[in-house]
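By letter and in written order, the chains are A, B, C, D, E and F; residue numbering begins at 1 in each of them.
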C-alpha cells in the first residue's frame, strides 16, 4: 500500500490546501495530512482546532487521514511506512525553500521522496498568513477559505477584541 | 479625478522612495503617500516623524499628499476614492511578495488595481532596513537618503547611545 | 492628456491581453495598443490580421486605439506624445526581461516610464505561443482566447493542412 | 491501475533522467517514458536511437515502458488512461516553464495532473544540451551519462567529423 | 599581498563552508574567515566556540586566519587592508540578498569588491540553520558537518535537555 | 602566478564588460579576456574586430591580455595554466545559466573554479544584444558603450543599409 504524507501548519486550512489534498489523494492508497506541532511558533488555532477543521473539510475523501507530528519528518514517515511527502508549490520563493527541504529529507532518509503539485492558479497567491491578516481586519474571506473555516476565523477575532 | 495611493512603512524615506513618488505623481491627478500604522512592528521613527519627513521631501510636488492608514488597504482605497495602488519593484523576491499582495487586494476589491514601477537602477538594491543598519554603525548615507533624512538618522542613533 | 502605449506582438490577442487592455485603459486618457512590426520573426497572423483582431476585441473601449510601430519604442512614444509604456507581468522570467526593457527605454529617453500590471491569476501562465501550439494540435482554446479569435486560429491551421 | 507518463526529448538520456525514472517508477503501477516527436527541432539522435537508449537503460525496471508521442500531451494521456505527468525540476527557470506547461495541460484536461520531483543534487545542473556540447568537444562525460550512452555519443561525433 | 575576507555567522561551520574556504584560499595570499558578532541574534554556539571550530577545521590551510568583527564590514576590510569579500552562492534567494549586500558595500567603499563562488552541488541546499534543526531532533549529521562539529552539536543539545 | 580568464562573445564590448575587466584585473596577476569563437552564431563583429576593440579599451590595464579560444573552456584554461574563470552576474536568469556552466566546468576539471562579480548597478540590465538592437535603430548609445565602440557600431549599421 502506497502511503503519502502532506505535512504543514494548516493555520487555518485554505482552499489551496483542500485543492492539493483532493488531487494528491488520487495518487496514493492512503494520504495522511500531518499537522506539524512547532513549539517555536504561536499559532492562531490550537493543534486540536486545526485537526478538527481538517477532518471536517476532508470528510468526503475516504483515503485521507488527519494526524499530528513533531520532530523530524523523515522519522514520522518511517513510523507511518510512508514513502512520499506531498507539497504544493506556489511561487519561486516557495520553490527554493521546498527544494532545500526535499534535499535535506532525502539526505536524512534516501527512501523518502518529495512529490510536488502546483497549486491551482486561482490559489497561487494564497497562504494561511494572508488569510489570518485579512481576517484580523474583517475583510472578505470567501475566495480564500470554506464558510466553515470563515466562521471559525470570525469567532477567533471576536474573542480577541 | 484619478487618485493613486503609494503605501509603505517609509522608516525612513529613501532616495528610492522619492524616485517612485516623483515618477508616479505624473501618472495621477492626485497621489497619496500612505504610511501604514503596523502595531506588530517597532519602527525606528514614529509615525509622526515619518509623515513629517515625507512632507519635507515632497514639498515641491503639488499633487502629492501624505496620510496614514491602518487596517485593510482596500478599505482605505475605497474611503479615498482611489483606484490604483503604486508599488516600486526592485528584485525578484520583491516581485513575488508584491504580486501576492496585488492579487489579494484585487480579490478583496476588484475595483482596485496595482501599478508597478521599477526602481531606478541606482536604487535597485536600496531598502529602509539597509539604511537603518548602515546608520546604526555610523556608515556613509549620502547615496541612500537626502541630507535632511541623514541628519535625522544621525540624531536618532545619537539618542540611542 | 495622458497617453499610455501597450506594445506587443499580439499573435494572436489572448484573454490575458484583453484583461490588461481593459484595466490599463482606466489609467490613461488614451491608451494606444501598438503592434510591433518585427521583420526578424515570421508571425502566424499578418500585421493587418492582428490589428483587425485587436480592433474587434476592443470596440467597447472608447479611449483605446490600435496602431503599429517599428524601430525603437521610445521614438514611437515621443511621436505619440505618450509617457507611459504598459506591460503585463506574469512570471519571474517575464519580470527579468521586462525590467531590462524598462531600464533600457528609460536610459534612451528619461521622459518615458514603464508601468506594470500583474496579469489576472487565471491568465498568469497564458501566452500567445502557448495558444498557437495548442491550436496547431486542435486542442481546446476557450480558456485562452475569445470565440472570434478561436475561429480565426481554426481557419489558419485549416489553411496550413 | 495508476499510470504515470514521463515525457521529454531524451536527446540523449542523462543520469538525471535515469534518477527521475527510477524514483517515479515507485509512485505508479506503470510508468511510460514518452519521447516527444518534435518536427520543429533537429535532434542529435533519431527517435529510434533515443527509444533504444531508453530501453537499454531501464531494462531493470519492470513497470517502465518506453513509447513515442506527437501532438498534445493531454490527448496522449487520455489514450493511455494515464492521469499523472511526471517532470523533474532542476532550477528556477525550469520551474517557471514547467508550471506554465502544468497549468496549460490542466486547463486542457482537468483529469490530468502534473507531479514534480526535484532532481538529485548531483544532477541539478545537468541537461541533454550540456551533454551534447561537451561531447562535441570530446570532453569527459562519465559524470553525465552511462558508459553505454557515452559510447553512442562518441560514435555520433566521429561520424560528423 | 592580496587579502580576502570570508565573513559569516558559522553557527556552526558546515561542509559547505569548508568547501568555500578551501577553494577561496587558493585565490588570495591571505584569507581571513571573519565571524560576525551580531548582538541582535542568540547563536547556538558562542563566538569563542565558533572561532575554535573554524580553527580546528582549517588547520591544514596555511594562509587562512580566523578572526571576529562587529560593525560595518567595509570598515573591517579597510582595517585589514583587504579588498575582496568572499561569499558562497547557493540559491536564487541567496543571490538576491547577496547582490544587495555587495552593492551596499561597494557604495560604502568603492575599493571593496565582492567575489562569489558557487557552492559545490552536494552542499547546494545546506545551511547552518538546517544543521541546527536536524541536530535538535537527533537526526543524522554526517552529510552536513565534520565528525568534530557533529560531536559538539550532540553535546550542545544534550546540555539543553 | 595566478591567472584568471574572462570568457565571452564581446559582440561588442560594453561598459559593463569594461567594469568587470577593470575590477577582476585587480584579483589576478594576469587576466586573459578570451573571445569565444562560436561557429553556430553569426556575430555582428568578426573575431578580429572584437579582439581589436577589446585591445583598444584595455590598453591602460597592464596585466590584461586579449586572446581567442574555441572548444571546451576547461581545456583552454589548462593550456593557459589558469585556475579561475571570471564571470559577471547581472540578473537571476544569468545566475541560473552561469551556475550551470560553473558546475559543468568544475565537473570537467576540478582544478578550475569560477569567480563571480556582480555587475555595477548602472550596467545591471545591459547586454551586447540590447546594444546591437538599439544601434540597429539609430538610438543613443552613450550609456552603453565607449565612443570608440559607438562609432564602430554606427559604421557597421551604415554598411548594412
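Throughout what follows, a contact is a pair of C-beta atoms (placed from the backbone, for glycine too) under 8 Å apart; a residue touches a chain by one contact, two chains touch by 3 or more.
In this text the structure is predicted, and so the values were computed from the model without any measurement.
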Joint neighbours of chain D and chain C, given as chain labels: A, F
Chain C against chain A, contact positions shared by both copies (same if over half, else different): same
Turning angle required so that chain C lies on chain E, C-alpha fit (0 to 180°, nearest 5): 180
Approximate Å spacing (C-alpha centroids) for the pair chain A, chain E: 34
Between chain F and chain A, distance of the C-alpha-averaged centres to the nearest whole Å: 48
Multi-chain contact residues (two or more partners), chain F: 92-93, 96, 99, 103, 121, 124-125
Contact pairs between chains, per stated definition: A-B, A-C, A-D, A-E, B-C, B-E, B-F, C-D, C-F, D-E, D-F, E-F
Complex contact set, residues of chain E against chain D: 92, 121-122, 124-125
Complex contact set, residues of chain F against chain C: 91-93, 124-127, 130, 134, 137-140, 143-144
Chain D-facing residues of chain A, complex: 2, 23, 26-27, 83-84, 89, 92, 95-96, 99, 102-103, 106, 113-118, 120-121
Chain B-touching residues of chain E, taken from the complex the two chains share: 71-72, 74-75, 92-93, 96-97, 99-100, 103-104, 107-108
